[in-house]
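Labels for the chains are A, B, C, D, E and F, by order of writing; each one numbers its residues from 1.
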Amino acid sequence: MIALSDPISAFPVPDLASLPEDVRARILAVQEKSGFIPNIFLALAWRPEEFRAFMAYHDALMGKREGLTAAEREMIVVAISIGNQCQYCVVAHGAILRVRAKDPAISEKIAANWRKARLPARSRAILDYATKVATASHLVSSEDRAALAAAGLTQDEVWDVGAIAAFFSMSNRLANAIDLTPNPEFQAIGRG
Amino acid sequence: MIALSDPISAFPVPDLASLPEDVRARILAVQEKSGFIPNIFLALAWRPEEFRAFMAYHDALMGKREGLTAAEREMIVVAISIGNQCQYCVVAHGAILRVRAKDPAISEKIAANWRKARLPARSRAILDYATKVATASHLVSSEDRAALAAAGLTQDEVWDVGAIAAFFSMSNRLANAIDLTPNPEFQAIGRG
Amino acid sequence: MIALSDPISAFPVPDLASLPEDVRARILAVQEKSGFIPNIFLALAWRPEEFRAFMAYHDALMGKREGLTAAEREMIVVAISIGNQCQYCVVAHGAILRVRAKDPAISEKIAANWRKARLPARSRAILDYATKVATASHLVSSEDRAALAAAGLTQDEVWDVGAIAAFFSMSNRLANAIDLTPNPEFQAIGRG
Amino acid sequence: MIALSDPISAFPVPDLASLPEDVRARILAVQEKSGFIPNIFLALAWRPEEFRAFMAYHDALMGKREGLTAAEREMIVVAISIGNQCQYCVVAHGAILRVRAKDPAISEKIAANWRKARLPARSRAILDYATKVATASHLVSSEDRAALAAAGLTQDEVWDVGAIAAFFSMSNRLANAIDLTPNPEFQAIGRG
Amino acid sequence: MIALSDPISAFPVPDLASLPEDVRARILAVQEKSGFIPNIFLALAWRPEEFRAFMAYHDALMGKREGLTAAEREMIVVAISIGNQCQYCVVAHGAILRVRAKDPAISEKIAANWRKARLPARSRAILDYATKVATASHLVSSEDRAALAAAGLTQDEVWDVGAIAAFFSMSNRLANAIDLTPNPEFQAIGRG
Amino acid sequence: MIALSDPISAFPVPDLASLPEDVRARILAVQEKSGFIPNIFLALAWRPEEFRAFMAYHDALMGKREGLTAAEREMIVVAISIGNQCQYCVVAHGAILRVRAKDPAISEKIAANWRKARLPARSRAILDYATKVATASHLVSSEDRAALAAAGLTQDEVWDVGAIAAFFSMSNRLANAIDLTPNPEFQAIGRG
């Protein structure tokens, strides 16, 4: 309705054909899986080295299947991203969260106010700590880690919550700094 | 998936049968129109006088059909409500905004970051002023009103933007203070 | 000494003669009771429907005589209004508070820092909760309501504290957005 | 009405008789002039060296009669002190401001929101700079000093505005840290 | 003098011998070059995949030799890291900055207040933008990028400033979340 | 490397020869002791009365040898000064702290994040309270003073912590308002 034209990013977006083989392969793989290329792939491809490091880091934290569930990981991303007002990340990871949690209402509720989302105690402890890492990491102390342990998290899971909150504190700022636009395809995903 | 049971509000919710006639009539009318009773009606009905004043105020600001469009009014509500982390208002008015704007992606983009939503200049001027009224009204000055005039708003429209931002600064706080839960029906509305 | 001329509001102020009968009657009643017309009445009269809803809401919350005392209600208003730097509300409700509390020093002390005003525990609990509703309502939880219950408040009183804090979060913003000027008469009221 | 007993300070308050001669003389002089001993004198007298330095600094900045007027100096104090929620300073210097400005309404209007007090341009420039020194001094730059020069202030006056804002940033914190109580006599002063 | 014992991190630190070959090689290389192993290497080695991605990302942004100078890159890191109160990053990158800038006083001045460090216009523009990306990335717009262009930065350099600010927004939070301790060796480096 | 020319202050700096005898004597004494004249002495000498009061206050709080140790007093100054981004105070008192604590690494660690500096409980309690006085003195209560008593501080020491935090809340703002430049000599002091 009211949107002006939407370039992908404020920086140059390279041709697929001009990209290094491994970068192009990664992009074609995500396109095959999702049916479209999420704009973060195209925007970051302008910098192949950073693309590789970003994706490797992302996969290490978000693709892991022990410990935190996939839905828990995505919940952290949505909660952090709305705090940083990263439109791309809220829209894209909101879609993934709906799919992972098999709940079409979850992403909007987490984004609006996770504290009012009547989540189980474990989820609340996770988001409480993730929020602190994202907004006041200088105050994090052993008491915060102990609170997560008391909520049943292992030491590995505590690291993961902090690392995911930190990683998206980076990606939120990167996406905001380059005016990254969310693909229109995200909005219909996981609406049930 | 992960939600615990959802009471409507932290305060008593009266029986429809026990309500004053005019309050019940208003509730039945919205139920007939929407297919369900938005929880704000049930929660406020515990206080019939406040119910009447709230609805009259709401209708005066949101039901008006001159000046600001319905979509512009709802855009203000979503932008203010995410700032106050009012889950009920983000979910409910997000649904109405999608319908009014005939755009299934609009509410999530406004909520995530209206400044990145590539809106036309008039919309940006409206949301800029509404945000200032909601977050730093003590700094509002004639320069802010002049900026809206420069973006083409009439004096009547400038009042409306400020009044809507102020009214939802109240409803956001009220909904948060009573732990008002959004109806599950909202999430599917206007998804296109 | 140093004030420039003081228009009532940045928006048009209607003639009493041009107003709908009920609005004019309400204004004449307050004038008869107070000896002058508080500017909020004149400024809001530009919008009769909003005037009626605002006054009905105000009366439902501030005119009630069960539960919170009149002085407690006005204390909330002064504490919230200074936080929002609403000059009109601080001056006007400061006057009413001095009268209701029969204490010429109370409004200035509450405005400067209610936490240092050596208030009884019940008042402190009320202002603590009201401040939270006004400044961080997204963090309000059942623990906050339990703290009020522990300080002796009924469920009805807890609602009222939250609703008054929310209502003046609106009026503070409205008054600031329209540059509402306090009547000079307020300053001498209740000085003992 | 609702106040509990009011000790002067959270720290020991010495007997006048036990004080060094010069400190006692200064206290008796203010008592003779004002009709009562402002509590800051008694509270600080616990530390005679600090008492002497504080008073000497205060007099150098507030007693000076060239440049800024006495009313301008006190306006700065009230504006800074409400920002720091220093009850003692708002009440005590509010009284002095009313006297200096010969305006019974001025202190409450400055405290509530000096930006809405319709002050002349020179006063606004002074309070704008003083507020920046008090709340974000790390951002002060030559542009801020140039704005004061443009409003007609001399270099000496610019120093004074900054120094007064800085000095009361100290006294506000000191008074808050020792729970200094304002004398009841202040409230009636300068009410016209 | 007053420090308690200093474990490297709140999480397990692996034996060099137990590490994957490439991770160990990278660590031995930095030890050979610096004379000690910076603690970030040991702490991250607990997670070899994250170690590799972090180092690859770091090297892509900080090891690049076109565009921004090495001193400019490190200045950004120090300015962002003090804002996030990341002790490890301030101490470690303060040392590198002193070396790169050949100026023993530079890191402390940047950390204390880069705006008061009397830097040339290009450096100020860089740190102004980096600070905005780190603290309010949701407000970044094309005007900010234009300001950098006006200060002489190329599009590539603008990306780099934003990407470095974003990357250290992550590492600051990660280091704070794991209580990473700076090696004592850093403090003497580059003191001239 | 990159610094432009460094005037001492944005205000006039008087000739030593033109100063009142006592002011000049005090300056010559510090020059004899330190080997150079710290710029604060020259900048404040423009205002001899303020110079005398400032130095007397400073000496009463920082020169005292009972109660808090010299290192504890300087730790407070560094922690408060970095919070206010006062470059002069961080650099100058960082040097003194290194000397007093006989620890070349201490000032940078306190400045970066005293909470991560693994200090003993007494130091943490001191800095916690000093930070509260500097940043939120309106919230200080008897509970805060009780926490210091529980950490072993006497009533005299509690006053001193608050008074030092308040005094440097003033000097930080004053130094920032006049663009006071740190002497280059400070950086090498106490590096061990």
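Here, a residue touches a chain if its C-beta (ideal position, glycine included) is under 8 Å from a C-beta of that chain, and two chains touch if they have at least 3 such contacts.
No experiment lies behind these values; they were computed from the predicted model shown.
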Under the touch definition above, the chains in contact with both subunit C and subunit F are A, D
For the copies subunit A and subunit B, the interface residues, called same if over half of the numbers are used by both and different if under half, are same
Between the Cα centroids of subunit A and subunit E the separation in whole angstrom comes to 23
Subunit E to subunit F, mean C-alpha position gap in Å, rounds to 28
Cα centre of subunit B to Cα centre of subunit E, whole Å, reads 44
Contacts with two or more other chains occur in subunit F at residues 85-86, 113, 115-116, 138, 141, 176, 179
Listing every touching pair of chains gives A-B, A-C, A-E, A-F, B-C, B-D, B-E, C-D, C-F, D-E, D-F, E-F
Subunit B contacts subunit D in the complex at 138-139, 141
The subunit A residues in contact with subunit C across the complex are 113, 115-116
In the complex, subunit C touches subunit B at residues 10-12, 46-47, 49-50, 52-54, 56-57, 60-61, 84-86, 133-134, 137-138, 140-142, 145, 155, 159, 162-163, 165-167, 169-174, 176-179
In the complex, subunit D touches subunit C at residues 1-6, 71, 81-82, 85-87, 90-91, 94, 101-106, 108-109, 111-113, 115-120, 123, 176, 179, 181-182, 184, 187-188, 191-192
